[in-house]
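Both of the next two complexes hold subunit A, though its partner changes from subunit B to subunit C.
Up next, the complex of A and B:
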């Protein structure tokens, strides 16, 4: 085209050029953007605009109903961090939750995936069965475990019966403040860890078998193999999931809300359940929005840590 | 070793030694895996057992297999839990979300992977950043927004689907785009030479070749919507529009002590998922793994 226009153009060629340009614009710019527009606009409308509104709302004392909203700056944040003890407690529980989920499911999944990667026959069957809890709805998982952890009819009572004890294991795990949070974490982990295992297993199967043979020849035992071949091979996935699980720990809601609603007496409260209750039960929309912003800041902070580490050459 | 086609003496000796060592160690592997399998399955077995017992029997034998199998819990739960309505609703939510997600996500991913119009890089960055925005940051203003739309007379079910489609948009675009970007462009060019327009190139060439990607997104999004609780709880307040999850939540609350009934209800909810999972194990597992890594 460019060659053509450099020559003396006749009107005919100019016309053709003009047409092809228009067709090209249509095909390479306009049509693609028409294809993108519906989902993009929907996403902006449902996610981005409310997210920005959330930041503003968090600086008001709006109740969520009516027109009365006063701009109060960072007052909600001050109250959350310096006055509201239930928020401090919830934040602490989120951190306990994070420590639990950064260790227990990771160890379980790494162990199981290692075991699974070494067997040939039946591997697919184990893989599928261990994954089943992950596809269950949270409402169902909680119903199952509420029954199993029931003090009179659950596993604990059965253990007591077998061992001839009384009320040793048959306690209200979800009803006691010392055990509530950990019990819910246990239930959530029952559902979740199989997912991690699948990810780790897939990464392990991508490691070239030659590396294991080389390690064998060098006289490595199973621990050495795991330490020097398997772990480096799956490191990117493990580190990425560390980041994701750390973020998810601050978003945890379903299992806690469904089992104890944060009780008893705030013992299993996390920020998300507190947010939900203040925004939707207690008409403190501005206050709830502030907690949402705080959760997002934590998530952003975790992402930043990982991005920084990766920039410094820690291959994630 | 064998890939080179030569099997030296040293290799076979090594192989034999390894096999012997392996088979001894595998006993340990299977023991561990069987224990973990029991951990995963026993809670589900107890649920299945209790769904075919009477409450009287559950009282005496809460964990073991049933002595007398009764089936009346299922029709009872079906009626009292209004499953006819809520299962229908959940199917509507799942099907509508998957359909809209695949149509709009497919169009957008195609444009981003194959056409790369000016601004595509900025758009990918937008979706990357947006995918990290937690729901908690926008749920309160979104609630206000959705309520305003409801007052205008828009169906709450439509609005919930809209929220699901938007929430899954970044994942869908990343996944579908990654499938489409690997396609050789010769096929599309050939179709264009034959006079196909952009829409035909998409429907006749690109979609058939990236079907696995669409299946993956469909499964991940569909399972997510079927199991979704929080958004349905927040936006659907008419019991006739409840999906199975929030309706089951209220159902369990109401029949707190009736374990036979609630167990049967739970089985009803997980039944469709289990059937689909057993039929499409590989796609489910790989799809969810892929979706999990890319979110």
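Up next, the complex of A and C:
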């Protein structure tokens, strides 16, 4: 206490007058903010303000045309969760979609990336072939697959003809309630998994070869190498893609809308297609905004899980 | 000296580029979907520019025209002429003050002189005229003449005859109706509206639309049950799952090549039937969609509407264009040259005489039906937006066996009652 009273008190004004402190303040605080300000302002203008407006609109009965929007509190949310059967069904389909995309493309991509990582010559050709579907526009992919899955002139019909069967494979995959959603997921996956494979392959190539040599010396077989060297080596990429795919699953729209528009009978309806119809066909833009907010909440929830895991020491 | 010459040349060039009297020209803008329709309609619409050099039309091709238009108009921009997909869309825009009431133009430019009596009423919102309807449509039962002649069949007059014929057609190995909704899912609603009109009767549909009877009325239940039975029998497209996967081109082709015997579709189909039947070398004709009692009812629909943007700096010029565009002469030319469904205006007999008799008969019969209380209602023109979407989305659940006809109609009734109470019903001409 005595020591403290002997020290000269330092006021803020004195601090600012201090040349060194001022330079530090400029260099460490002000300059970075000046550099980031344009981007920040742009972000506030194109993301933050519309997001806040969207949240507000989700609590109104706005029709999407004009300025008339009455505040109705949480009515839209109450209707979504307690009255609207189609929303529950769409949410269920989104969850099925997410489970599909968190398993099938990951397994395919891991398998293919592992195989391709062993290829010394011609690997680029395989990679390119498997990656091509990813660069095709969704409308092109859907058009191709609509024809391939056509019950009368598609692959199934050709198989039936070849095997002398009747309607065994040549069925309307996109026209049946029980197969529509999975058929579209299959098409979307055909386009998507090559991208995942390239990411995993790149991550695998960053693993130091010495680790594989050490594993071999320890008597590891191919499976042991994959389990104890490859997987831990690419884990951050796999987990990050897990998070992204989970978020993207709630944004699924184009493949579904271009193929079945949510039909038949809502069998392939997801939240995004329902949102689009509410906002643009039914003139329920406020209701659609509420669905948008729910999608964002799901995305936030998924991110929160990953942040929590990271804080607990997971290598993500 | 050289520099002066160059400067002089630049000044002359710039002066040449300035249009003489450009400041006196008023340009009316219209946004229009890109594609074959514009290729045919566009040059005819631009003939307007030859009438008065001081008022010029500019057509701006747009993809996804309606969504682009409404976004722009809501933001205070957009074209002078606002085209919407139907009266229910006009209602929302008028309520929001985005389009202008046009009563004064109608009076000064004599629109009631060439529009049918009921047609101007379709554009009313709270008693004021906000839109002019275009592209008169109705649903017809088309049939493949070659298939019918080869099998000795005659087109049906009543629903019972249609049922009997459909069974024969199916037994003979043909697809009864060439159909599929993969290209346009709302095509489901064609049949809902048509069966309600032909089986429950247009008077009952009118009562339901005006809230006098519920949609669960037994006449509606019967209509929907017959439609469901036809679907379950696989008459549409060759089976329900095929109906959900057949594209527009597939169904037109299967009708034209004789795989299917009939097709219930709108009068717009006439525009492309010639092309498909031209390839197959077969022939087509049409009859009214059979009703329960054999009366020839024609449902009336509108393909789109035109209004004037509230933000237009020159609404009078826009109204001048609309007067020219909707005139019987212009509509007649578009009908003969492009097979465009005309606006609900009186087309001269001379123009009708130039048409393929099958096409002329459509508009003559439709006109006769509207004058003699035999007109019905298409869902996309007369139903409010939420009920309309419900009609074509939820009916698939009936066809896939997920819900019953009664569940479907109860849902429609509930939703319609909400929209009726909110005053969201498009104008229903009194009968």
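Points worth noting:
Operating definition for what follows: the second predicted complex is superposed on the first by the 269 of 316 C-alpha atoms of A that agree within 3 Å, B and C clash if a C-alpha of one lies under 4 Å from a C-alpha of the other, contacts with A are read in each partner's own complex, and residues count from 1 in each chain.
Everything below uses one rule, namely that a residue touches a chain if its C-beta (ideal position, glycine included) is under 8 Å from a C-beta of that chain, and two chains touch if they have at least 3 such contacts.
Worth saying up front: this structure is predicted, and the values here are computed from it rather than measured.
Taken together through their common subunit A, the two structures put subunit B and subunit C in a clash. Looking at the shared chain after the overlay, A:67 reaches subunit C, while subunit B stays out of its contact range. By the touch criterion stated above, A:177 is placed in contact with subunit C alone, subunit B being left untouched. By the document's definition of touching, of the two partners only subunit B reaches A:258; subunit C does not.
In the superposition on chain A, A:221 makes contact with neither subunit B nor subunit C. Shared-chain residue A:54: touches subunit B; no touch with subunit C. In the superposition on chain A, A:127 makes contact with subunit B only, not with subunit C. Of the two partner chains placed around the shared chain by superposition, subunit B is the only one that A:32 touches, whereas subunit C remains out of contact. Of the two partner chains, subunit B and subunit C are each touched by A:280. Note on subunit A: of its two partners subunit C and subunit B, the one contacting more of its residues is B. Applying the stated touch rule to the two superposed structures, the overlap between the subunit B and subunit C interfaces on subunit A comprises residues 64, 150, 280. Chain contact summary for the complex, subunit A toward subunit C: residues 63-68, 146, 149-152, 171-172, 174-177, 260-267, 277, 280-284. For subunit B in complex with subunit A, the residues that touch the partner chain are 1, 14, 18, 22, 25-26, 28-30, 32-33, 36-37, 39-41, 43-44, 46-47, 50, 58-59, 62-63, 104-105, 107-108, 110-112, 115-120, 123, 127, 130, 132-145, 162-163, 165-167, 169-170, 172-173, 198, 223, 226-227, 229-230, 234, 244-246, 248-249, 252, 259, 262-263, 266, 269-270, 273-274, 277-278, 281, 284-286, 288-289, 292-293, 295.
On the side of subunit C, the complex with subunit A involves touching residues 67, 70, 74, 92-93, 95-98, 181-182, 185, 239-245, 247, 385-386, 389, 393-394, 396-397, 399-400, 402. Listed in rising order, the residues of subunit A touching subunit B in the complex are 27-29, 31-33, 35-36, 38-40, 42-43, 45-51, 53-54, 57, 64, 108, 111-112, 115-116, 118-119, 122, 124, 126-140, 143-145, 147-148, 150, 153-155, 157-158, 190, 194-195, 198-199, 202, 210, 213, 216-217, 222, 237, 240, 244, 247, 250-251, 253-254, 257-258, 271-272, 275, 279-280, 285, 288-289, 291-293, 295-296, 299-300, 303.
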